[in-house]
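Here chain A shows up in two complexes: once beside chain B, once beside chain C.
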Partner chain A sequence: MLGAGLFIAQRVTALILAPFVIAHLALIIIAVHGGLDAAEILARTRGNPWFAAFYQTFVTFAALHAAIGVRVICAEWSRGRLNAIHLDSITLTVLLLLFCMGSFAVFAVVV
Partner chain B sequence: MGGDELRVNIWRGGPGGGEMMAYRAPRLPSQTALDVVTWIQRHVEPGLSYRFSCRVGMCGSCAMTVNGVPRWTCRTHVKDVARRGIGIGRGERRPHLELAPLRNLPVLKDLVCDMSEFFRKWQRAEGVFHGDRGEHGEYIFRGGRGDGHRDNGHRSNNGHRGRHGKHDTRDTTPAPILPADPRRAAADAAIECINCAVCYAACDVVASNPNYLGPAALNRAWTLLNDARDAAQYERVRAIADGGGGCQNCHSQHNCARHCPVQLSPARSIAGLKQRAVRAAWRGELL
Partner chain C sequence: MRRPRRNSARSAQPTSTAPPHRRAHRRHAPYFAFWLHRASGVLLALFLPLHFWVLSSAVLGAESLDGYLVLTRHPAAKAAEFGLVFLLAMHLFGGLRIMALEFLTWRAAHKTVAAAVIAAAFAVACGFLLRAF
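Up next, the complex of A and B:
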């Protein structure tokens, strides 16, 4: 259920995500320091290309990583009852769902 | 027998199901779990089925689940595993032992499991030596890298890719394999497996993915992948990197290493296999 290609993809996305997660957490902590409301956040994010690029990349790799993870969980929970087609469909669905939701969120705060 | 008595629950049944049956056995000095089963079979329950052979931790045939943990019973001392106050009857103070067949293997009868699938997976993982063959079908070894390279390989008589040069003759001196060779050392660290299937029973990935090759077969494949004499490395790397049940499916939680009675670490061997699989995928050898 996890061929060499997906295995590598899972490891590589994990490597890429690590600095993104740290930067994201740091950003939250620094940004909300001393209180922050929605208008202030939007004032900083609207039209900010760096913010858009950072979070769109983050969303893409997170969607990939999570989709492969969910695939493994489903395969093991089903104890072999889900075949490769089921698992591919689940992986793709989770990937698209998370990618679309994440991209929508990025779009909403940047544009 | 009084206080020197042991309360023993033994799982009895077959492929269709079964249940725990209660027995009593004398508590003796230096007694092993296998001694207890043997005593019960000889004195109380002649129909009780179980496996053993060497009784000294060599053959790997006596593995069972002892108080919930997979173990080799011939070298498991009752004093180390018997629990007090659990099992039959509330407040029971006498030491208690619970014996069941190994997990993750189909039961044939009582404590005897069907090992066919376990050994089929050794074959699937290419956990068997493939020597190169000479022109008369004899095994030959001419040395070389043997690390799964496709280059310089050709089909030899046994259908596997050889990796020796075309101009070798019977007079070519085989390359020596020194004890200090890193690949030899890696194989040595994993070679002493007694095929007991304790790790296989301990592995949660085997339990949840029936296709997974399992720690023992992958550990054996690792020793052979480090054997410079073996002529089927290309096939072996493809076998251990198989998407359905290959080494990538291991969670690296070291349950196998924790329970292996001879202190091997299949998990470490599998970590090595994962690196080989990634390298092979990178070179396009898994396509």
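Up next, the complex of A and C:
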């Protein structure tokens, strides 16, 4: 199900993600005051390299963390019906889907 | 010989087919916190593609993104956002709890920490709701 490498990767990505999630929650709570407005959001994000770096890193580690988490849940819920190839395919699909969609979302709000 | 008094709620017929010794842990706060951590992870993984899809609409301009953001002004959408913030905070604090259990030596306050994790997530979500309205 999870080798030592993936187990450590899951924990390391979780530790890296913790400050990102705290910052993201703080940003959500600040930004939501007075309602969400696209012009206001994009004025803060467009052309901002710090914002791009922050969210691209967030997306990368979130995609890795989610892909490994989905793998663990699929392995447990399938009760052994999924073999290593199935689990590798699921992990890679989730990783690529979230990484590509997330990277494009960061591109859309920054560029 | 006196029989021990039985709690009526505990003596109710179990719904699960698992034997009692394998089911008892499910009534404990740490198991509930673990289950919430799992469920929040699955729901967040399902929500992320939708979140990225909405944000990607900004590539067509602010008006396109506003087309989605206008939906968030509805009270039902705010309730859903409250749920999402709760899930994210729950997954964060629940994950920190699990790593503390795995990597630290302390073992005494499992139930208190599990309850504190759920309370902290709820507090963050309430903070969001207070700002949203």
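Simple rule for what comes next: the second predicted complex is superposed on the first by the 108 of 111 C-alpha atoms of A that agree within 3 Å, B and C clash if a C-alpha of one lies under 4 Å from a C-alpha of the other, contacts with A are read in each partner's own complex, and residues count from 1 in each chain.
Following the convention adopted for this analysis, contacts are C-beta pairs under 8 Å (C-beta built on N, C-alpha and C of every residue); 3 or more make two chains touch, one makes a residue touch a chain.
Just so we're clear, the structure is a prediction, and the values are computed from it rather than from any experiment.
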Partner chain(s) touched by A:8 [first = chain B, second = chain C, both, neither]: first
Partner chain(s) touched by A:41 [first = chain B, second = chain C, both, neither]: second
Dominant toucher of chain A (residue count), chain B or chain C: C
First, second, both or neither for A:88, with chain B first and chain C second: neither
Contacts of A:21 with chain B and chain C, given as first, second, both or neither: second
Shared chain A contacts, counted only where both chain B and chain C touch the same residue: none
Contacting residues of chain C [partner chain A, same complex]: 38, 41-42, 44-45, 48-49, 51-53, 55-59, 62-66, 69, 72-73, 81, 85, 88-89, 91-92, 95-96, 99, 102, 124, 127-128, 131-132
Touching residues on chain B, where the partner in the complex is chain A: 205, 207-211, 241-244, 246, 248-249, 274, 277-278, 280-281, 286
List of chain A residues in touch with chain B within their complex: 1-8, 72, 75-77, 79-80, 84
Chain C-touching residues of chain A, taken from the complex the two chains share: 11, 14-15, 18, 21-22, 24-25, 28-30, 32-33, 35-39, 41-42, 62, 66, 69-70, 73, 94, 97-98, 101-102, 104-105, 107-109, 111
